[in-house]
Amino acid sequence: MADAGVEALTTFEQLLAGGLLAGLVFALVAVGLTLVYGVMDVVNFAHGEFLMLAMYATLGLALVGIGPLVGLPLVAIALFLFGVVIYRVFIRRLLAGPPEATVFGTFGLLVLLQGLAQSLFTGDFQSVPHPPFQGTLRLGAVALSQATLVEGIGALVLTGALFAFVEYTETGRAMRAVAEDRVAATLMGIDVQRVNALAFGIGAACVGAAGALLMLSFPVFPTAGASFALTAFVVVALGGFGSIQGALVAALLVGMLEVLGGYYLAPELKMVPVYVAYLAIVLLRPQGLLGRR
Amino acid sequence: MNAATSSGTAALLEVRGLSKRFGSLRALDGVDLDVAEGSLTGLIGPNGAGKSTAFSCIAGADKPTAGSVRFRGREIAGLAYHRVAALGIGRTYQIVQTFADMTVLEAVTTAALLRHPHLRDAVAYAQDVLAFAGLADKRYRLGRALTIADKKRLEVARALATDPSLLLLDEVMAGLTPSECHDAVGLLRRIIARGITVLMVEHVMEVLMPIADHIVVIAAGKTIFTGAASEAVRDPRVIEAYLGSPLEHREIAEHKP
Amino acid sequence: MHVRRLGALIVTALVAAAVSGPAATRAADAPEIVIGSVLPLTGALAQTGAGLRTAQQLAADLVNGHVSYPLPMVGKTGLPHLGHARIRLVFADSQGKPDQARAAAEQLITQEHAVALIGTYASSTTATASQVAERAGIPFLNPDSSAPGLTARGLKWFFRTTPHDGTFAENFYQFLGDLKKSKNIAVKRVAVVGEDGLFGTGAGDAEEAGAKKYGYDVATRVSYPATTTEVNAEVQRVKTSSPDVIFQASYVPDALLFMRGYKQQGVNVKAIFAQDAGFVDPNFLKAIGADAEGVFTREVFSMDIKYRNQAVPLIDQLFRQRSDGAKPLDGNTARDFMGVLVLADAIDRAGSTKPDAIRDALMKTNIPGKLTLMPWSRIHFDATGQNDGGAGIIEQLQDGKYETVWPFDVAVRPVVWPMPAWKH
Amino acid sequence: MRWHLLALGAIVVLGAAAAFGLRDAVTLDLFFTLLLYAVLGQSWNWISGYAGNISFGHAIFFGCGAYASALCVTHGLSPWLAIPAGALVAALLALVTGFPTLALRGHYFSIATIAVAALVDAFVRTQPWLGRANGFELPIQSGWAALQFPDKGPYVLLALALFAIVQLATIALERSRLGYYLRALRANHAAAASVGIDERRWKLIAFAWSATMAAAAGVLYAQYTLFVDPPSTIALAISIDIALIGVVGGIGTLWGPAAGALVYVVLAKGVALRIGGTGKGYDLVIYGAIICLIAAWKPHGIVGTVVDALRRRRGAADIPPGATGTA
C-alpha cells in the first residue's frame, strides 16, 4: 500500500517536471510571437511556418557539418533577415488595410510557405544526423531528456535576453513607445516602420533560435511548425498579448495543464484544460495573465 | 443661482461624488453636477480635468469607481452603455467616431432604429433628423468622406436620431471655422427649442457664454464651481484652476464681459 | 554488385519491350477497357498517392505488354478473352477527402465509362467512392484500406483484397500464441496506444477486441492527438499500467516521441508491436538509431520472405525506375499493383465488360498465393467481398533492418524475445 | 435591391434548368459544391463579415447538421428531422459559445473560436455515440423521404433552394435593423453602443442564424456524401476553407461568398488537379500566393473591390441606397 503511494508520488513528480519542461519548450516557440504582437498588434499566423523554415535551415547546416548549437546564431540571423524582408514587402501592406487583412495575409503566408516546403523538401520527416544531448538526466526518481532540458534553458535565456532588450535598450524603448501609441511615437520622431521591421525581424530571429534548438529532439516536415503554432497562439493570448514575461508564465501553465490533464483526465483530452483555461482567462481577464490594461 | 430653482423643475440629471480611477490615476475625484430639464449646461475645465471621463461615466461608456448618477431620479451609474442610451441619453465624441463604411443616411438610420424598429420608419425619421441638422443634401455621402464640420454635425444628428431627452455634446465646435461655429450654434439653439436638455463640454468660451444657462467647472477631477457663466470667469477658484494652463486662462480672461 | 547491375539492365530492356513493341502497333484496332482509379493525388496524402498511381500504371502496362512474369494476366498483350483488349487506367483525385472521392468516382463512371473502379487508400474516401459504385452497379476493388467496417456494410459490388485491421490484430495474437507454444513466454497485459485519428482508432479497436477474444488484459488504452508535441502523460499512463507488451499505432514524429519517452522513463516491455506507418519510415529508423532495436511491426509485404514469388525483385526494379525518388516497392504499392491484376483477371474471365459479368467473375476469383507478390495464401472473396486468403506478416527490427520473423514458415530470422531492455 | 433579386432569380432559373437538363454528373457535382460552399461562406459572412467577428471555428456548426443527419439516419429516423434538429443544436451551440466569446474582439475572438472548435473536435473523438474518429457511413436509400437520390439533379435543386433562401435572408438582413446594427458594431462598437445597440444581443441573434444556415448545409452535405467524420466536417481545415471563401469574395457583401466559392471551386478542382497531382505542393503555393496577393493588394475581396470601383465611378461619394452590394 505504501509502495503504491510512493509510486503515485513519483509519477506526479515526473509529470510535474515533464510539464514544466514542455512548458519551457512552448515558451521557446511563443516568445518571438509575443514581441511581434506587442509592437504592431499583429498575430502572425505564419509563425509556425517561420519555425519550420528555421528547422529546415538548421537541418541544412547540419548536413554540411554545422551542428544545431553552432548553427543557432546563423539560423537566427537568417531568420532575422527573412523577417525584415517579409515585413518590408508584405506585412507593411497588410497593416495599411482593414484589420482582417493581417489575419488573412499571414494565413496566406502560412499556406504558401507550407507549399514551398513541400515542393522543395518533400513531405518526408527529416532529423539532424547524430544530434548532441540525446541522453537522460536523472534527479532521484525523475528522468528528463537532456535535449528538452537544453531547449528549456534556451527558452529562459531567450526570454531573459528579449526582456532585457525591450526594457533596457534604446531600440527596445522605441518599440515600447510604438506599442503604447503609434501616433504619439511618430510625433516623438520614432520611425515606426523601422521599429516595426526590426521587431518583426527580432521576432523571426527568436523563432530561428527556437527552430535550431527544437531540431535536437524533433524531426522537421512541412507542417512541423503548425503543431507548435496553435499552442503558441494560446500561450501568447493567455500571457497577455505582448507581455514577454507573461508568455513565459502562460507557457509553463499550459505545459502543466497539458501534461497533468493528459494523465489524470485522458490523453485524448489533454488539450481540453489548456483551451478551457484560455477561454476562462480571456473572459475573466481579457488582458491575459500579465498583460497591461 | 441654482439650476433647479432657475428652471423651476427637478434636475433631469444629478451627479454626486462621481469618481473614476485608472489604476493609481484618479481621473475623477468627486464630481457633482446637476442638469435641469430643458436647460443647456456647460461643462468646462482645464485640459486633463476629467471632462471627457465624466461624460463617459455618465453615458455608461465607463464604469465609475464610486458615486451616483441619477437620470430622472433613477440610478444609472454602472449601467451598460447601450442601456443608458436606450433610457434617453445621447452623446457625441470629442474625437469623431463614425461608422466608417456607412453613408450619412445609413448612420443616422442606425441610430433611429432605437425608437423606430422598422427600417422604413427609421429611414423616414432619419431623413427628418438630417433635414433638421442641415445634412439632407449630403445624406448619400460616406461618413468618412465628410469635412470635420459635417462629421461633427453627423455625430449630433446620430445622437439626435435616438430621440434623447438629454444630449451630451463633447466639444462639437472644436476645430471649426467661425462661420461653421455660427452654423453649429444655430443647430444648438434649434435643439434647445425642440425641448432637448443639453450638457456640453466646450473650449470655445465665446460660444458657450451666451447660450449656456449654467456652467459647471471641474478641475483635477473635482467640481470647483457651479453657477452662471458670467460668475464663473470672476470666480477665484476657477481662475486659479486655469492658472496652471495659461492658454485657457487667457481664453477665459478675454471673454470677460 | 555486378550481378545486380546486370539484372537491372535486363529488367530495363524487358520493360522497354513490354511497354512499347507490339502493344503500340495494336493500339489502333484493339478495344480499350477503362478502369477508373481514385487516389489521393493532391493534399496531405499526395506523396503516397503518387506512388500508388505509379504502381497501378506499372501493373496495367505489364498486362498490356508481352513479357511474362509469374503473375496473373501479365504478358498476354491485353485481355485474351476480349480480343486482347488493352486496359487503360484513368485516374481521378480524391484529395484524401470523402466528398472529393465521391465526385471522382462519379466522374470515372459517368464520363470515363469505367467498367470497374479501384482505390482509394484512405478508408474514409474508400467508404464514399465505393458507395457511388454500389449505386451505379459497378464493381469496386479496394486493394489498400484497412478499416474493418468497409466489408461489413453489406455492399454487393465491393471487394477488398487486403487484410484489414482485424486481421492484423489477430496476427499479433496468433504470433503471441505461437511464441507461447514454442518458447513458453508469459504475456498477460497489453497496452493499446494510438493516435486519435481513423488509423490509430481503427487499429486500437481491433487490438482491444483481439485481447478479449484471445484472453489478454488490456492494461490501458491511450489515444492521443497525432499532432502532439510531447507525450509525457501518455508515457506515464503506459508505465503505470505495467503492461507486458505495447501495441502502438503512430506516425513518425509521435513514434519518435514515444520511443524516447519509453527509454527515458525505463518502460521495459517484452515487445512493442507497431502498426507499420511511422515505425517503418526510413527517417524514423535513421533518427532513432539503435534504440528501436527489437521493435516488431505488422507488414503486408516484404521483399525477403521465404518462398517468395520470383517476380518480386523484378517488379521492385521496375517500380524503382518509375518512381522519381527511386523508392522501393512497399506494402502499399505492392497491394495496389496486385489490385489491378486482380481486376484484369476478373474482366478477362468475364469475357465481357458488363458489370454483372465482372462481378460474377470477381466472386469466382481464386488466385493462389504463390502467383501474387503478397504473403497471402490466395485471393478469394468471401460473401462480404473480403479476401479470405489475406494475412499479414510480422517483422522485427534486427541489426537496423526489419526482418520477417512470423509466420515461422516464411521467416528469414528467428524472433528475438524479449526486446532488449533499455541501456542507460 | 431589384438587381439583386433579378440576379438571384437568374441563378435559380439557370440552376434549375441545369438540374433538370444536365446529365453530366461532374458538372452537376461542381455546381452542387459551389452552392454548398456559397451557403457556408454566407453563413460565415453573417457573423464574421457583417458583424466583424472573424471565426476560425465555423465548421462546428456545419458539423452539427452533418452529425444530426448521420444520427437520424443511423437511428432509423427521417433525415428531414435532421434539418430542424441540427439547426437547433447548432443555434444552441452558437448561443452557448457566443455568449461569453462574442464580446471578445479581434484575435481574441478568432483564437477563442479555434479553442472552442478544438474542444468540440476532442469531444466528438471521445464519444462512441458520435462515432469517434471512425465517423458514420449513411446507408444507401432513395427518394425524397430518405433525402437521398441516385441522380444529382435533386441535390442541386435542394442546394439551389438553400442558396436562394440564404441569399434572400441576407438581402433581408441588409435591409433590417439587425443588418444595420451588425455593420455599425463592426465599424465602431463604442459608437454603436452610444446609439443604444446591445452588442451581445444582436451578435447572438446573428450568430444563431449563421449557425442555423451552416447546419442546414451540413445536413445536405451528409445526405450527399453519405459519410460523416471529424476531418471532413468539423476540423480546423474546413473552418479555414469557409473563412477563406468569405474573405476572398469580400466580407460583409451580399455576393462575396458566392464569388469566393467560385474561386475556391476553380482553385480546388482546377488548379489542384492540374498541377497538384505530383504531390509536390505546387497547388498550395499558388493557393497561398493568391491569398497573400488579395490580402495585401485587394483586402476587400473580389466583390468588395468591385463595390469600391463602382463607388468611385459614380463620382465623388454619393451613393443612393441599393446602388452597391452593401444595401
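Per-chain numbering from 1; labels A, B, C and D assigned in written order.
The rule is simple: a contact is a pair of C-beta atoms (placed from the backbone, for glycine too) under 8 Å apart; a residue touches a chain by one contact, two chains touch by 3 or more.
Given the structure is predicted, the values throughout are model-derived calculations rather than measurements.
Counting only chains that touch, the fewest steps needed to get from chain B to chain C is 2.
Both chain B and chain D are touched by no common chain.
When you average the Cα atoms of each chain and compare centres, the chain farthest from chain B turns out to be C. Of all chain pairs, the one linked by the largest number of contacting C-beta pairs is A-D.
Distance from the chain A centre to the chain B centre is 48 Å, each centre being the mean of its Cα atoms. In whole angstrom, the spacing between the mean C-alpha positions of chain A and chain C is 39. Each chain gets a centre from the mean of its Cα atoms; for chain C and chain D, those two points are 38 Å apart. Separating the centre of chain A from that of chain D, both taken as means of CA atoms, is a distance of 32 Å. Counting partners per residue, chain D has 122, 125-126, 279-281, 283 as the residues that reach two or more other chains. Shared interface positions of chain A, defined as residues touching 2 or more other chains, are 122-123, 266, 268, 271. For chain C, residues touching at least two other chains, in rising order: 46-47, 196, 223, 225.
Interchain contacts give a graph that is no line, ring or star and is not complete, per the touch definition above.
Applying the touch definition to all chain combinations yields A-C, A-D, B-D, C-D.
By the touch criterion stated above, chain D contacts chain A in their complex at residues 54, 100-101, 104, 106-108, 110-112, 114-116, 118-119, 122, 125-126, 240, 243-244, 247, 251, 279-297, 299-300. Interface residues of chain D facing chain C in the complex, by the touch rule stated above, are 23-26, 29, 33, 122, 125-126, 132-135, 137, 139-140, 150, 152, 221, 224-227, 229, 231-232, 268, 272-273, 276-281, 283. On chain C, the positions that touch chain A within their shared complex are 44, 46-47, 196, 222-225, 227-230, 232-234, 236-237, 239-240, 252-253, 256, 260, 263-266, 281, 283-284, 286-287, 325, 424. Within the complex, the chain D residues that touch chain B are 175-177, 180-181, 183-184, 187-188, 190-199, 252, 311, 316-321, 326-327. On the chain A side of its complex with chain C, the touching residues are 7, 11, 14-15, 18-19, 22, 25, 122-127, 129, 136, 143-145, 217-219, 221, 223-224, 226-228, 231, 255, 258-263, 266-268, 270-271.
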